[in-house]
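Next up, some structures in structure tokens.
Same chain, two partners: chain A is paired with chain B first, then with chain C.
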Partner chain A sequence: MKFAILVNEGPYTHQASDTAFQFAKAVLAKGHEIFRVFFYHDGVNNATRLTTPPQDDRNIVNRWSKLAEEHNLDMVVCVAAAQRRGIVDDGEMKRNGKDATNLAPGFRISGLGQLIEAGIQADRLVVFGD
Partner chain B sequence: MTTKQFMFVNRKAPYGTIYAWEALEVVLIAAAFEQDVSLAFLDDGVYQLKKGHQTKGIEVKAFEKTWGALEDYDVTKLYVDQESLAERGLTADDLAVPVEVLSRAEIGKLMEAQDVVLSF
Partner chain C sequence: MLHIINKSPYDRPALDSALATGEGAILLIEDGVYAAAKGGKEEAKIKAAMGKFKFYALSQDLEARGIADRVADGVTAVDYAGFVDLVAEYKTNQSWL
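Take a look at the complex of A and B:
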């Protein structure tokens, strides 16, 4: 089956991102396909490479990046939500005159159309939020 | 383009969190993609439709007027949970736009018929 995943909460404060990650791993382990993982609302905060949790805690951001690399996942961060919350790639830095970027490897910033397309293309769109 | 039935389930109060506002942004994109869009309002989500938003004091943009504009995007299916309204002492007359008031069970059936359900 072809899945799409929507992550609506940021890391650490809410369980949603952890559960979405565990779900993604389980989906792939069962041999299913993930069309796209889309990050919206505070979910965009899963994509900052500046996250530094204590050493004995899980690194939620790096964990997503690694999963994306291993499985060639398409992980998309909503541009409007990212702009509000200061998630920046090279393009956004130039466009908005910022002095830094913080987008973690494996993520890309794009529009909400990518979420709707995921809903159209996938057999199931599974939402993780509060 | 493939058309699917997208239902947006709004459960949260209009202000206090950004969910309602950002959900509305997705609704407009889904409509722009010419999908079969409907909205359901449950729990505190029914407050999103209440007339007379005054947000000046909290310095947040009010989005009440957007409900009236949804028709221009061919989004006309707005379902409101009767029980949620009643629990909050509201009726359809308190709402900013015409809606279809349905029982919780009826909304449940509609959800079952959707291809995609996005809950905010």
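Take a look at the complex of A and C:
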């Protein structure tokens, strides 16, 4: 079965980002496919590579990147939510005249249409948020 | 429909909103699992709705909050694999955020 996952909450906020990650792992462990993970609202903060949590804490961002690499996941960050919160890739840096990028590996910035497409293409869409 | 509740019933009315839909399955996760505590204020509400809803609670979140060994009768504990199975079993799901 094809799953899509929507993450609306930032890392280290309440629990939604952690639950979404554990759910994604369980989906893959069960042999299902993840069509896309879409990060929206404060969820886009899961995609900054500049976080430095204490060494004895989980690294939520790196954990997503690793999962994406291992399973070739499509992890999409909403562009409008990213612009508001300072999540920047090369294209956004040039377009908006910024002096740096911070998008973590495995993520890409795109539009809300990607969420709609995931809702259409996947058999199930599960929402995690605050 | 599978209703996913991640908020404590003492914080937000998500459980009541799900129950108001009439029937289906309810999965309690994160702070939502407090509703499943035996002897808690919500126990009677869950018991009364049992004819119309099936109740599940995420075992990792029950354990994290120290209530895994006193879950209200009729609430089934499931792990993340069980969470995935429930989503697959029900054609639609709603997270009451």
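In this section, the second predicted complex is superposed on the first by the 130 of 130 C-alpha atoms of A that agree within 3 Å, B and C clash if a C-alpha of one lies under 4 Å from a C-alpha of the other, contacts with A are read in each partner's own complex, and residues count from 1 in each chain.
Keep this in mind: a residue touches a chain if its C-beta (ideal position, glycine included) is under 8 Å from a C-beta of that chain, and two chains touch if they have at least 3 such contacts.
Since we're looking at a predicted model, the values are computed, not measured.
Student: Can A:Lys25 be said to touch chain B (first), chain C (second), both, or neither?
Tutor: Only chain C is touched by A:Lys25; chain B is not.
Student: In the superposed arrangement, does A:Ala16 touch chain B (first), chain C (second), both or neither?
Tutor: second
Student: In the overlay, answer first, second, both or neither for which of chain B and chain C A:Val127 touches.
Tutor: A:Val127 contacts both chain B and chain C.
Student: Identify the partner contact of A:Leu50: answer first if only chain B is touched, second if only chain C is, both if each is, neither if none is.
Tutor: A:Leu50: touches no partner chain.
Student: Which partner chains sit in contact with A:Gly119 here, chain B, chain C, both or neither? Use first/second/both/neither.
Tutor: After superposition on chain A, A:Gly119 lies in contact with chain B alone.
Student: Please work out whether A:Ala81 is in contact with chain B alone, chain C alone, both, or neither, and reply first, second, both or neither.
Tutor: first
Student: Looking at A:Asn8 after the superposition, I want to know if it touches chain B, chain C, both of them or none. Which is it: first, second, both, neither?
Tutor: In the superposed model, A:Asn8 contacts both chain B and chain C.
Student: Does any part of chain A touch chain B in one structure and chain C in the other, and if so which residues?
Tutor: In chain A, positions 8, 127, 129 sit in both the chain B and chain C interfaces.
Student: Under the touch definition given earlier, write down the residues of chain C that touch chain A in their complex.
Tutor: Going by the criterion above, the answer is residues 4, 6, 29-31, 60-61, 79-81, 83-85, 87-88, 93, 95, 97.
Student: How about chain A: which of its residues touch chain C in the complex?
Tutor: 1, 3, 8, 14-16, 19, 22-23, 25-27, 29-30, 32, 123-124, 126-130
Student: Hey, which residues of chain B end up touching chain A in the complex?
Tutor: For chain B paired with chain A, touching residues are 1-2, 4, 6, 18-19, 22, 25-26, 29-30, 32-33, 35, 115-120.
Student: Contact residues on chain A for chain B in the complex?
Tutor: Against chain B, the touching part of chain A is residues 6, 8, 40-41, 80-81, 84, 111-113, 115-117, 119-120, 125, 127, 129.
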